[in-house]
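Each of the next two complexes has subunit A plus one more chain, namely subunit B in the first and subunit C in the second.
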Partner chain A sequence: MDVVLRHLSAFTDGIVTTLELTALSFLGALLIGVVVAAMRVSPVAALRGVGTVYVETFQNTPLLVLLVLFVFGLPEVGVIFPLFTTAVIVIALYEAAYIAEAVRSGINTVSIGQAEAARALGLTFGQSLRLVILPQALRGVVQPIGNIFIALTMNTSLAAAVGVVELTSAANRVNLMEAQPIPVFVGAGIGYMLICATAGIVTGMIERKVAIVR
Partner chain B sequence: MSASRVLFDEPGPIARRRMRIATIVVGVAVAALLAVAVKRFADHGQLDADKWRPYTTWPMWRYLLEGLWATVRAAAVATALSVVGGIVLALGRLSRQRALRWSATVYIEVMRTVPVLLLVYLVLFGLPHYGVDLPLFWKLVLPLSVSASAVFAEIFRAGILSLDRGQREAGLAVGLTDGQTMRLIVLPQAVRRLLPSLVSQSVGLLKDTSLGFIVSYSELLYSGRVLATYNRLLIQTYIIIALVYIVLNASLSKLARTLEARQGFRSVGRRRLRTLVRAKAAADQPL
Partner chain C sequence: MSGFPLRRPRSGASSRRLRTAVPAVLAALSLSVLAACSSDSSSDAVPGGKPAGEDVAKKAEGAPDAAILPGSTMAKIKERGYLIVGGSQDAPLWSQLNPISGKTDGFDAEMGRLLAKYIIGKPEVKIVSSATETREALLQNGTVDVVFQTYTITPKRAEQVAFAGPYYSSGQAILTKKGASGIKTPADLNGKTVIAGANTPAIAAIKQVAPDAKVVTFGSDPECVTALRQGRGDAYVQDQALLVADVKQNPDTTVVGEPFTSDPYGIGLKKDDAAFKTFVNDWLRKIGQDGSWQTVWKQTLGTVVEGNPPTPPAIGGVPGS
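The block that comes next holds the complex of A and B.
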């Protein structure tokens, strides 16, 4: 394990980049995902259509294809962002499709009486979604969104393939220098497991805190 | 969809007008976005006919279809291996022997939190160090199967646990051993019930085969990379590849949904049958 200790700064830099990538793209995915979910249940057919196309497109394209398209393709039409920003945008767009589906399934589990009560009070669609349905729906999907967070953490490793130096890429570089694959990759794996275990514990805490006992 | 319909009333004249306006606004917004995109492409000369013409010719498509075939082959083999691995791991996790149960649990928990790319790097740069140099195909398929087995194991475990306990008890009661009950009674029913999840999970594996890009196994994405370095049509190539993936995966997802809907229909049908029978029995009772 002393290979890992000798290159500790490379590993910690990698973990910090992975954490930044994860946090920023998760925030973006959460925002876009809730909006897309709201579109998919709205009364306007055109909005529903746009939401469906969004989800189908991003769920059915490999993340790596999107990364390659955005990083190497878009500069060809003059859309140039820094590499890290591009990775955050792509991962956020991709995971938003999954969050949208999780939130939508949460919306569908809120009991019909809630929506009927909101309508009976004269709330509009937007109001009843914002004030009555979504707060309850989001409480119900803490666990699925936690799972998406873990998947997202693992997916940030694909950014290594387009040149972002995060944990996987850092481990690969150290291995190329030291040629000791087992300790190096096991070290990186433990890094990911720590992040995911923390995420699991936090998800459990949030769930206990916000869960509605019915 | 039907549940979310409750969120709004049957629209009256004012609501209908508002919805029409909203539809027009959405339409204009989408059209504007498309227009901006098209203008960007046109300004950089990416819409020129000769930049897209190569993709109307057969040799290009033959090359891409060969890539697609390699993708499908890798995904199919990886799915098959993961299904087998998943069943073994699920049985291990449900086993009564503590050592088996623990090792299966540790494997599943570790593999569910370690990125596939890390495993790919390990196979790519790690194994040759110890004198194991696999063919390219296995450099891609092995890490995918190792990782996906854990996911499939959890699916199978859920399926086995979701089965009515009476099935297993009945098997034991007619004198079958534990293993026979599992093989002849529990697993066939669980697999059938899980078919939709297995199909939709294979979409995930199909997407993961794009890691061939890193292994330089010539599946679809890597073929695209080769084409793009050769003809310099980066954006066109990658857009076409994304479309191919979307068509393929959307049809697989559709298949999964159809399978699920059919199962749902069947169980609803059975439930309806049961209610009917019960209602009839109640009606036959003397008042």
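The block that comes next holds the complex of A and C.
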């Protein structure tokens, strides 16, 4: 493992980029995902349609295809973002589809009485969603969203294919010099494991704190 | 869709129709988008797709029986009936799958068939796509017999695997957009954004000649060229032979100056198999003398690089080989 130690700074830089990529795109995915979930349960048919199209598009396209399309396709129509920004946008858009479905399943677990009571009180759709349904729904889907976070962390490695020097790309570059793939990639794997194990522990803590006992 | 009572329930039939129709429409849409995108970036006619030339491997001679030592790697390959080559299917001029003929064309691919013919008596190879990340591991654990993959010999790599050869000497050169001023010599790359293929010797070469250059890497040669043309970098550093082929397909680009490094390409072999290394080196000397090496060069790299075939490099002439 001394290969990893000798190139520790390359690995650290890679992990930092991976963490930035993960954090920013997860935040984006969370925001977009909740909005899309709200669209999918809204009383307006057009909004439901847009939500459905969104989820079906991003869930049924491989992330790598999306990354390549955004990185090499958009400049063809005159839109060019820095590579890191492009990667954050694409991963956020992609993972938002999964978050939306998780949140929607959470909404479905909220008992019908809650929604009926909200309506009986005279709350509008937006109010009952914001004040009654979503807070309960989100507390019920901490674990699934934690799993999506872990999957998202792994998926950031695909950004290596489009020039973002994150952990996988850093490992590739070290290996190119050292020609020792097994220790180098075991080292990178441990990096991902640390991130995801931490995420798992944090998820468990949050879940115990916010879980609703029904 | 059901279970949330804030909106009126709908009939199940229409929602089912929507669920099947939407993915179908999307699939059709994304397919057409992909087709539109790929038509200009990927090649119409990739050079190195060898025209009706003579098949060198078919005519080449096999090894004398005495050279196939009993119990050796050569004997095992001969008994198996085909040579397992670690290589690529997507490197123009070197090793690229021709979707029409189903054959892998290029310098490395033809070399692999020549070696197979020499060992087995027929040019039977199985190409295992060995990503540059895993070449050493594939050789060490015996998944492949040899690696033909523009594999630059370096002393560090030679600690992990053995190299026969070099069988080709190449060099990194610079590609820029035509009319882009400011880059005349490798040192001009300092402070610029330079594109390189992920896992290519270009990355180290750039760091050496221009330590202040920012290196951006993409997975394949066509992606790197597209990135250069879209302005994601000021220059693209790659093996000269590949760049010459790129210019043919993209006349808005140009190669600046001559190669500024010397990359000796070797044949990757399992470490500590001295008999096999000697055997492969003997074969390299033989094809250099009988003109097969030169014929392969003419049919592949020679289709884009001008002039007569170069002299094959001296076997064992570089550190690590």
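As a working rule, the second predicted complex is superposed on the first by the 214 of 214 C-alpha atoms of A that agree within 3 Å, B and C clash if a C-alpha of one lies under 4 Å from a C-alpha of the other, contacts with A are read in each partner's own complex, and residues count from 1 in each chain.
What we mean here is this: a contact is a pair of C-beta atoms (placed from the backbone, for glycine too) under 8 Å apart; a residue touches a chain by one contact, two chains touch by 3 or more.
Everything numeric in this text was worked out from a predicted model, so none of it was measured.
> Quick one: on subunit A, after the overlay, do subunit B and subunit C clash, or do they fit? Just give me the call.
clash
> Of the partners subunit B and subunit C, which touch A:E56 in the superposed model: first, second, both, neither?
both
> State whether A:R173 touches subunit B only (first), subunit C only (second), both chains, or neither.
A:R173 contacts subunit C only, not subunit B.
> Between subunit B (first) and subunit C (second), which, if any, makes contact with A:D2: first, second, both or neither?
neither
> Quick check for you: in the superposed arrangement, does A:G73 touch first (subunit B), second (subunit C), both or neither?
Both partners, subunit B and subunit C.
> Counting only touches as set out at the top, which of subunit B and subunit C does A:Y192 meet: first, second, both, neither?
A:Y192 contacts subunit B only, not subunit C.
> Which partner reaches more residues of subunit A, subunit B or subunit C?
B
> State whether A:R119 touches subunit B only (first), subunit C only (second), both chains, or neither.
Touch partners of A:R119: subunit B and subunit C.
> Flag for me the stretch of subunit C that overlaps subunit B after superposition; candidates: 113-121, 131-139, 149-157 or 185-193.
131-139
> Subunit A residues touched by both subunit B and subunit C?
Dual-contact residues (subunit A): 41, 43, 56-57, 60-61, 65, 68-69, 72-73, 76, 107-108, 112, 115-116, 119, 125, 128-129, 133, 160-161, 172, 175-176, 179, 181-182, 185.
> Quick check: in the complex, which residue numbers of subunit B touch subunit A?
3-4, 6-9, 11, 15, 19, 22-23, 26-27, 30, 40-41, 43-44, 46, 110, 112-118, 121-122, 125-127, 129, 203, 207-208, 210-211, 213-214, 221, 225, 228, 234-235, 238-239, 241-242, 245-246, 248-250, 253
> Any idea which subunit A residues touch subunit B in the complex?
On the subunit A side, the touching residues are 40-41, 43-47, 50, 56-57, 59-66, 68-69, 72-74, 76-79, 104, 107-108, 112, 115-116, 119, 125, 128-129, 133, 150, 154-155, 157-158, 160-161, 168, 171-172, 175-176, 179, 181-182, 185, 188-189, 192-193, 196-197.
> Which bits of subunit A are touching subunit C when the two form their complex?
On the subunit A side, the touching residues are 41-43, 49, 52-53, 56-57, 60-61, 65, 68-69, 72-73, 75-76, 80, 83, 107-108, 110, 112, 115-116, 119, 125, 128-129, 133, 160-163, 165, 169, 172-173, 175-182, 185.
> Show which residues of subunit C lie in contact with subunit A when the two form their complex.
Contacts found on subunit C: 3-8, 18-19, 22-23, 26-27, 30, 33-34, 37, 41, 132-134, 136-137, 154, 156-157, 159-161, 198-201, 203-204, 216-219, 223, 226-227, 230-232.
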